[in-house]
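Structures incoming, each one as structure tokens.
You will see two complexes here that share chain A, one where it goes with chain B and one where it goes with chain C.
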Partner chain A sequence: MNNTIDISHYAAIADSIRAEAARILEQGVVTAVVAYTTGRRAGSVQPVIITAAAEAERLTFTAASVNNLAVYLTKAKKDIPRSGRIGIVVKGCDLKALVGLMGESQLQRDQLYLIGIPCAGVLASTVRPAEALIAATLAPKCRECDAHLPEGCDYVPAVSLPSAPTLEPSYAAEIARLEALTPAERWAYWKEQFAKCIKCYACRQVCPFCFCEQCLCDRNKPQMVDTTPRPAGNTAWHIVRAMHLAGRCAGCAECERVCPMDIPLNLLNRKMAKELKELFDYEAGFAVHEKGPLNSFMEKDDQSFIK
Partner chain B sequence: MHPEKNNSSAFEPKIIAFVCTWCTYAGADLAGTSRMQYPSNVRVLKFPCTGRIDPVFILKAFQQGADGVLVSGCHPGDCHYIAGNFHARRRFAAFRKLLEFVGVDLQRLQFSWVSAAEGGKWVDVVTDLTETVRALGPMTEFKELALEEQWSGALTTPELKEAYLQI
Partner chain C sequence: MSRIGVFVCHCGENISRTVDVERVAAHAATLPGVACATEYKYMCSDPGQTLLKKAISEQRLTHVVVAACSPRMHERTFRKAVEGAGLNPYLCEMANIREHCSWVHEDREEATAKACDIVGMMVERTKKNRVLPAITVPVTKRSLVIGGGIAGIQAALDIADAGHEVVLVEREPSIGGHMAQLSETFPTLDCSQCIMTPKMVDVANHPKITLYTYSEIELVEGYIGNFQVTVRKRARSVNERTCTGCGVCMTKCPQKKIPNKFDQNIGMRTAIYVPFPQAVPNTPVIDRENCTKFKTGKCGVCQKVCGPGAVDFEQQDTLIVEAVGAIVVATGFDLYSISEKPKGSPIKGYGEFGHGKIPDVIDGMTFERLASASGPTGGKIVRPSDGREPKQIVFIQCIGSRAREKGISYCSKVCCMYTAKHTMLYHHKVHDGQAYVFFMDARTPGKSYDEFWRRSIEEEEAVYIRGMVSRLYQKGDKIVVMGSDIAVGVQVEIEADMVVLATAVQPQQGADLLAQKLGISYDKYNFYSEAHAKLRPVECATAGIFLAGACQGPKDIPETVSQASAAAAKVMTLFSKDRLEREPIVARVREAGCVGCFACKKVCAYGAVEEKEIRDRQGNLLRVVASVNPGVCAGCGTCQATCPSKCVELDGYTDEQIVAMIEAL
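Our next item is the complex of A and B:
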């Protein structure tokens, strides 16, 4: 079985991004481009915001381009100039997040210039950014990706997407394993996972959907969630986080990637996505929905659990 | 009003009921004015609407020592604010699944529609939940978490012992 993921087209994509970013900045289509650039360590890649055509040659795209750049466009992170149209490089999963933000009126489509990436997958971790992309180093979200080719972008590099090997979805398997356990066993599992949490809130800061100006979990009048990194507050935080992302999470799995304690955060998000698909037939996708599943309703919704 | 206080330490469940003011609160009031008997284990908290009841309230109730939680409001279509209970229905359908996945016994969390005229239904719902929770025993999961947040003070590792000696 061939475990190598073919990413030979990434070099061509990087060239196309450089040319397109230079063109749109030159012609004044956009005022800034949010993209990836080469980092200081060999093979590493980091987000960058460029405002001049001359800077476009710094841009790149490799298997280490893991970041979801949509986070640089949300309200709470005012890192980029808001004065005009912004160009942004998006993978399929990132585009789903942008689409979700458009549905929540956080962004306007005409204020964005989307450069879509025909993505074959990225690394799970940036600890060793120069590593070869094989099944073992591929991000778990990419194993079950249904959005290799983003739709509705303004520009997509003209490269053909190599065929990807079929891989076993890891989240679905893990969810099934946990669902088969007894409630007490599940509680023990999550208790151990949440006990690791150090409340650094990296999961919140990196999430494109956590754009509240003041997070419920930072408020102390009333204090609904204990802020200290101890088991009770940790459990409450992770439950509240999963609930607030239910029906919104686009599955970019950035929360899980940035977690310094390796808590399987995306597992909760994927579980909620699965349940909302079953309950309300809703899935994050490329189409902008004015209302999400939890702020709309139908009279015939299931109420078998209500007496 | 008050249950007979016997000296045995038999388990009495604490039930927190989050109710909407327009239907279930009035229904509970009707049960009271009709002199119907129901377990006094239930503590009623009144909200404007079931749509106002945030899932975090349920978490907080469990953390603060509730053994069971009841959420009750107007029947679909009867909401004073037109659609609050429809939104609540979706939210709680999702929240139940989340709690189940984390490992909470869903028998401790009951949802119901009780109208202002259904004093009898209120009595039934409260009695059922109280008896279910009584049979299940105390909810220990969240309470144990709260206890674990206090460090025992035990010097369990060589590093801690060494650090202690250097003070």
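Our next item is the complex of A and C:
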């Protein structure tokens, strides 16, 4: 089995990003570009926001460009002043988040300049950024990627996407394993996972859909969710988050990547997405929907639960 | 610190039978913030209310909890009493220990413990109630009436005569409805057209009535006192203003063999037509499905012969928005067609009766058209198959009605009387004929009704056979009716020339869809539901919408007219005030936390959530947040449940209050 993943086109992509970012800043198409730059650790990459064409040469794109940059455009994280049209580098998975944010009145398409990446995959968070990209080091979300080529972007580097090996989806396998358990066993599994939570809220901070400026979990009148890292409050927090993301999360898996306690958060989100797909034939992230499935009623919705 | 008064009601024995009310009151007295707790036999009675008012002033109460029945029953009563004692009415809440407790439990110990919990929760919630000022909204003193049958006509005339404008919308090309189709009416046998058509003309000539025929309701927005209704006026293809109603177009139309729905499809009409000569308005409609011009592009004879040039093939549907303050729904009924059951209907058909297959098996409305002087046969009762006069005629009652096994369990109410009428009309026209009626029971309550039925047997020679028919089949040119006579206990076989089925009264097709547009509730048969079966029979649970006629349930003409006038009276009551007071239980947005995702706006069924711009002093746009229009908000709380950051609060049901209730448990 061929385990290597062809990312030879990433160098050409990086060149194209630099040229395009410089051009759009130079010509005043945008006031800022959100992209990736080289980090301090060997092979690492970090997000950057540039506002001048001269800075464009700092930009890069490698297999370590894992971050979902959409989060920098949300209100809660307010990293970018709302001063005009903003350029942003997006992989297919990141674009889904932007599409969701547009549906929720958080962004307008005409305020964005999308630089789409023909993406073959990025590294898993568990390996060093300098590692070679092979099936074993590939981020789990990339194993089941259905959006290698982001659609509807303003600019896509003129490179062809090499053919990728077909890989077994790992989330689907894990969901199937959990579904086969008894409710008690499943509960025991999640109880153990949630017990690890230290309430650092990194998952919330990195999530593009946690855009509320005042999270309900930070309120104390009434106290909706216990703030201390105790089992009851932990479970409440993760269940609130899973419910809030149902029908919205498109699986960028950033929550899972940043979790210092290795809680399989994206697994929970994928399970919710699977339920939404089965119940409402709905998949988040492909089109701007004015109303999500949980905000609307349709005649054909399953009503068998009403006895 | 709050000083709450708790008032526990026995409700006669309804509550005290299962709940130890003394113990509930004693428990309530121990709760923090409760200043006094007492019980009484009937808290809603005058002495009960006096007790409550006295306690408010003597004990200087700040809040009141009445532990009694459902708030749907008496919340208004007690809030009014509290207001009378000088407190804001919304500082009074009800703890439902009847429907939620005593009625559903048997064990006295457990029920008492639960009642204590319910009261405890309500005390905690009430503590956090705010003073709410009443919301008033203006009333648009115009009314919409949907349906131009006798119910709609009566309601429209009554409201218009009171001096208010009325918009009357009718789906068919003419008003008149089913009553216009009838030959004569029970129990006086006066001609339906003779009493109906003058009222139709009154509608057309009334300066306060705007009539839209061949039109349907497209969209209903707004709320009591302030509805915006979009009416789709379907393209008539004839200009109503210029048409003089001369009828030349109809005489020249080459398409002459189109079954006329008004004549139950036994009479024929042209493609450009008025459904019946007395139609109001007397303006023809082109039936585009059957018109040669629309089908092939050739013809256009009607346009050529039309003197005033009123025929307009290019006419389009138009959408008209009408602002009204009240809506009367009078969409009437339809007869259950036993040969073709409506799609998706749970009702089973009557294949064994051969309706639709045997031409001389007809329904009651078809018999009306045969007997009507203005009908397709000019009032001669003849067989649809060969035009011969039937000498033996069989009427079968309760087809569809009262047949649980076939899907309808209700009684259609009018069939006993109209079948008796049919036997008389038949006897008057066919002197040597014999009428038989198969019936289960004769249901004839009503003024002069039973006398009428007795007359059909005693004077008009109808033979009533108590029993049902199992099968009908064609034998030569006769229809063999196989039934049983349970009074004698024998099987009966009659060779009939014609069979008339008294089919069930059903709501109009699409009644459910209209209800969804209006936001009113309906039962499993699609009959519209009144707010209270006994005490609010013409109001819908949705404020500002009223019911008249058979859309609410089977009704005869006198009943329909009474209900229509009652609905009109309700509309006039509503229009008697310039402003309307609404319950201030509405949602509020905490703008500081609102992130502007507008999930609340998307889920609001009432269109109450608006986008509000927040600007700085220089006028720069800072944020766009959600804002609730209190005049439109119905206080359902869906937005509150949806808001991801919990920035919408429903007064009286804030998150803080709900959590306080849970913590009291």
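Basically, the second predicted complex is superposed on the first by the 303 of 307 C-alpha atoms of A that agree within 3 Å, B and C clash if a C-alpha of one lies under 4 Å from a C-alpha of the other, contacts with A are read in each partner's own complex, and residues count from 1 in each chain.
Everything below uses one rule, namely that contacts are C-beta pairs under 8 Å (C-beta built on N, C-alpha and C of every residue); 3 or more make two chains touch, one makes a residue touch a chain.
All values derive from a computational prediction rather than experimental measurement.
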Which superposed partner A:Arg219 touches (first chain B, second chain C, both, neither): second
Touched partner set for A:Leu178, first chain B, second chain C, both or neither: first
Touched partner set for A:Lys291, first chain B, second chain C, both or neither: second
Which of chain B and chain C A:Lys196 touches, first, second, both or neither: neither
Which superposed partner A:Arg23 touches (first chain B, second chain C, both, neither): neither
Which of chain B and chain C A:Ile306 touches, first, second, both or neither: first
Chain A: partner with more touched residues, chain B or chain C: B
Which superposed partner A:Ser105 touches (first chain B, second chain C, both, neither): second
Partner chain in contact with A:Phe280 - chain B first, chain C second, else both or neither: first
Footprint overlap on chain A, comparing chain B with chain C: 216, 224, 295-296
Touching residues on chain A, where the partner in the complex is chain C: 75-76, 104-106, 211-216, 219, 221-224, 244, 290-291, 295-296
Parts of chain C lying in touch with chain A, wherever the complex brings them together: 592-593, 595-599, 602-603, 624, 642, 644-647, 655-656, 659-660
Touching residues (chain side chain B, partner chain A) in the complex: 54-57, 59-60, 63, 76-77, 83, 86-87, 89-105, 110-113, 125, 128, 141-142, 145-146, 148-149
Of all residues in chain A, those that touch chain B in their complex: 178-179, 183-191, 195, 216, 224-226, 228, 230-233, 235-236, 239-240, 242-243, 246-247, 268, 271-272, 275-276, 279-280, 293-299, 301-303, 305-307
